[in-house]
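What follows is a group of structures, each given as structure tokens.
Okay, so subunit A shows up in both of these, paired with subunit B first and subunit C after.
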Partner chain A sequence: MIPHAPILVIVLPLFGAFFTPVVGILARRYNLKNAVEIFAIAVMIAVFVMVASMAPTVWGGQFITYQLGGWSPPWGINLAVDGLAIQMALMIAGLSTLVIIYSAAYMKRDSGLSYFYALVLLVIAGMMGTVLTGDIFNFYVFLEIMSVGSYALVAFRRNSESIEAGLKYLFIGSLGTSLILLSIAMLYGIVGSLNIADLGAKLTLYGGAVPTGLVVSLALFVTGVMIKVAMVPFHVWLADAFTAAPTAISALLAGPAAVVGIYWVARLPYLPFGMPVGIILVSLGLLSMIIGVLMALTQRDFKRMLAYHVISQKGYMVLGIGLGTFGATLGAQGGLFHLLNHSTYKSMLFMCAGAVLFRTGSQKFDELGGLGKKMPITALTFLIGALAISGIPPLNGFASKYTIYLAGMQAGQPLITAIAVLVSALTFASFFKAFSSVFLGQEHERFKEIREVPKSMLFPMLAMAVLCIIIGLLPALGFNVAGPAQAAAENSAGYISHVIGGI
Partner chain B sequence: MAEFIWDPIVATAAILLSSLIAYGLLCMGRKIVKPRLTPEKAKTYTCGEELKPEEMHADSEQFFSPIRRVLRPFYRYIQTAHTGVLSTYLLWVVVGFIIILVIILLTVR
Partner chain C sequence: MSLNYIIAMLLITLGLYCLLLKRNLIKMIIGLSVLSDGIHLFLISLGYRTGGIAAIVTGETMPGFAASAVDPIPQALVLTSIVINICILALALSFSIYAYRHYGTLNPSEIRRLKD
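Right after this comes the complex of A and B.
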């Protein structure tokens, strides 16, 4: 492991964000082309290398705790890297790097790019901090850093649609973070600690006699997290935000940012509250799967359809994690494996939609058609993503969805498995329409001069498509990441003993 | 455990083999019945008018109209409830919070 890697993966993008406008000024003064883009990509590659250096240690069975300022927890702030955190950190670093590479060409026509990359790096720093921190108040702070950056990025193009979507996201997202802050305040008032491990240890002492204040605190926390995960009925910010944001940002929010919410959904049943929330997770997961896919079926807008599928697919993950709390050992593993797969192909699908928008200037199904011959690589990557999200074998989406179907059977709920299979069929129907409307059919007169997107946009799309195929053919690779993550999430006693030395 | 349940390599080989057989059948069919396409036959007409390629597009909202008909109550109430009005959405959050609170209270107590 690279020394100080846990803190460096947060500090690098954070300081990189503040330094990006300076790089922009220097680039303009000395006429350096693509300096800001190269700087942002370099920062992210460094972050990825540092996260990857921690992975063998964690997968080797060790638990990394990093004490800031040498103060031991629960008095000082610590970073905690277990199997769950490392999966999330790897996904954030890897996918964000690909999104920034994609942005280099995609955002070329926009102005204020140094601010754009500053905000992107700020969001990434927030995401990293959220999944690595061992302190619940720090979690709130990093969540706000991530959220405020996201609101600004959604409204980045400053047209009426994006400003409206940004404001909606701001109001609903701020309500979510405020509920989490209120929950943390109540938790601190009752328990007297902010360290997640210490909270977990002290809350187990209550046993069956849980004070009402703690129940309210948990309800506030669950609601706040569900707003961030965009589970029905807290999902309403997502469709507008993902449609109006620059597509590179839609890919960032659909892939890496989805990780943050699901990370806390996976922690929720065990730490810090350790109270039963399984029924809520299963109910919200099912509701989101069904409503998300049915809303997606009738959309006229490419990105809006993908946005509703984000809600539906996150429903699978929340359902899987919820089933895990009812004794289905494959549940949480399936949910976390699906997170890995979904983040990959959903980012790729948004990139494909962005590629179409980049060349045609439209994201309306009724205005598109016959692009398969003009943009064959985009069409192929979209097809791979569409088949993967629909759970068609042998792609990665099938492996994780199949695990969730089995979890339904394991939990003794075949009806849940039946609903999950039906939602997959409807997902396929929806993507059939999208592929047919955009890439098939006769070539339009106005698209005669259209050509494939630049190579720097194709590279991340192809890399993700290859990942979809490899993980589909060798699902053990995914299970080797999701398995330790599931074990770490469920091992709250291990987390507590590693951070503060036992209950 | 996953290896015992699902063997992706065998499944992929089976999918590729089936695709190859299907393609072979298609080629055989094309040999038996040869299409004789003339430019006029390839054109699309509606009420005597020739259509441009961009006009021959299935309406994306009505693409799955049978599903819409079957699930009419959903589309009538749930889809129309997505009004875009922020205050309504904030009300959903409050109602959702109350439901979560009640469920947790019932589960814990």
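Right after this comes the complex of A and C.
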């Protein structure tokens, strides 16, 4: 492990964000091309190397805690890296790097790019902070950093659609974070601590008799997190935001940013609040799966269809984690594994949609068609992603969905498994329609001059496609990541003793 | 002391009402800021005690310090949260300016071109 790695992975993108405009000014003065892009990619590669350096230590069974300013918990803020946090941090660092490489070519025609990369790095710093921190107020602060950055990025092009989506996202998102703040305030008032481990330790003391205030606080927290994850009653912002944002940002929000919400969903059931969170997660997950896929079937807009599939697939993860609380040990593992797979292929699918939009200027199914011959590599990666999301073996989506099906049987709920299989079939139908209307069929006259997208856009797409195939062929690789994560999420006593003990 | 909590809850309820039911972007933004002010008042009231002293330790040990000092943590939290809310407020207002330029209205139910 590189010394001070846990704090550096947060601080580097944060400072990088504020240096990016300076780099932009210098690049303009000295006429350097692509300086901002190269700077942002360099920062992200450094972050990825540092996260990767922590991974072997954590998977080796150790638990990394880092005390900011040397203040020991519960007084100071500490960073805690366990198996769950390292999975999330790895995914954020890896996928965000690929998204930035993609946006280097994709965003070329826009102006104000140094601010674009500043905001992207800010969002990444916020995501890293939310998964690594061991302090619940600190979590709120990083969540807000991430959210404010993503509101601004969704509206980055400032045209009528993106402003509308940005406004909607901002109002719903800030309502969610306000609820989380209120919940943290109530928790502090009742329990008197902000350190997550200390909170957990003090909550166990209540045993069965939990004060009403705590139940209200938990309800507010769950609602806030569900708004951020976009589970079905709270999903309206997601489709608009993902449709109107620049596609690179849709990929960033669909892949890495989805991690943050699911991270908290995975932590929640094991904080001893004394309330049946599992049943809430299972029902919301099922609802989101079904409604998400049904909405996706009727869409005629490429990115909007993908956005509804994000809701549906997040339903799988929440369902899996919820099933985990009913004694189905495979549930949480499947949910976390599915998060890993989904973030990979959904980022890739958005990149394919972006590639089509980049060359044709359209994201409506009615206006597209016959692009398979003109853009063969995009078509191939889209096909891999489509098969993976539909759960077709031997791709990675199959491995994780199959685990969730098994978890449904393990929990004694074959009906849930049946619904999950059905939703998977509907997903396949929807992607089949999308593939045939974009890449197959009659070639349009005005697409005669279309060429494949630049190599720097193809590279991240191909990298993700290869990842999908490798994890599909060797699912053990994925389980090696998701297994420790699930073990860490369920072992809240270990988390508490490590942080409070300061080992 | 309980007056603080009552007013905080009133502010939160009013803010929520304004945010969810008003059909004007500026009023919704006001609702959002009232909501967060209510939460701030709630948070700051948690640490306050009547006749308390500031939680600052100067060199010599003061007798009964822990019994009379106010809790400094909520104050730090509220300061942080106020800064965050200013960012959101500024961003929301600038979005509304753009929305007014594009759509010529501040009514959120008329600002919809995405769902066609």
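Heads up, the rule we're going with is that the second predicted complex is superposed on the first by the 497 of 503 C-alpha atoms of A that agree within 3 Å, B and C clash if a C-alpha of one lies under 4 Å from a C-alpha of the other, contacts with A are read in each partner's own complex, and residues count from 1 in each chain.
Note that contacts are C-beta pairs under 8 Å (C-beta built on N, C-alpha and C of every residue); 3 or more make two chains touch, one makes a residue touch a chain.
Just so we're clear, the structure is a prediction, and the values are computed from it rather than from any experiment.
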| item | value |
| --- | --- |
| Room on subunit A for both subunit B and subunit C (clash or fit) | fit |
| First, second, both or neither for A:S437, with subunit B first and subunit C second | first |
| Which of subunit B and subunit C A:S178 touches, first, second, both or neither | second |
| Partner chain(s) touched by A:C352 [first = subunit B, second = subunit C, both, neither] | neither |
| Touching partner for A:P393 - first (subunit B), second (subunit C), both, neither | first |
| Touching partner for A:V141 - first (subunit B), second (subunit C), both, neither | second |
| Partner chain(s) touched by A:V81 [first = subunit B, second = subunit C, both, neither] | neither |
| After the two structures are overlaid on chain A, angle v-u-w for subunit B, subunit A, subunit C in degrees (C-alpha centres, nearest 10) | 120 |
| First (subunit B), second (subunit C), both or neither touched by A:A155 | second |
| Greater subunit A contact set [subunit C / subunit B] | B |
| Partner chain in contact with A:A118 - subunit B first, subunit C second, else both or neither | neither |
| Which of subunit B and subunit C A:G472 touches, first, second, both or neither | first |
| Lowest inter-chain C-alpha distance for subunit C and subunit B in the superposed arrangement, angstrom | 5 |
| Common ground on subunit A, meaning residues reached by subunit C in one complex and by subunit B in the other | 167, 171, 175, 240 |
| Parts of subunit A lying in touch with subunit B, wherever the complex brings them together | 167-168, 171-172, 175-176, 179, 210, 215-216, 218-220, 222-223, 226-227, 233-234, 236-237, 239-240, 275-277, 279-280, 283, 291, 294-295, 297-300, 330, 364-367, 369-370, 393-394, 399, 402-403, 406, 426, 429, 433, 436-437, 441-446, 472-476, 479 |
| Subunit A to subunit C touching residues, read off their complex | 137, 140-141, 144, 148, 151-152, 155, 158-161, 163-167, 170-171, 174-175, 178, 181-182, 185, 188-189, 194, 240, 243-244 |
| Subunit B residues touching subunit A - in the complex, by the definition given at the top | 1-3, 5-6, 8-9, 11-12, 15, 52-54, 56-61, 63-64, 67-68, 71, 74-75, 78-79, 82, 84, 86, 89-90, 92-93, 95-97, 100-101, 103-105, 107-108 |
| Residues on subunit C engaged by subunit A in the complex (per definition of touch) | 12, 19, 25, 28, 32, 35-36, 39, 42-43, 46, 73-74, 77, 80-81, 84, 87-88, 91-92, 95-96, 98-99, 102-103, 108, 111-115 |
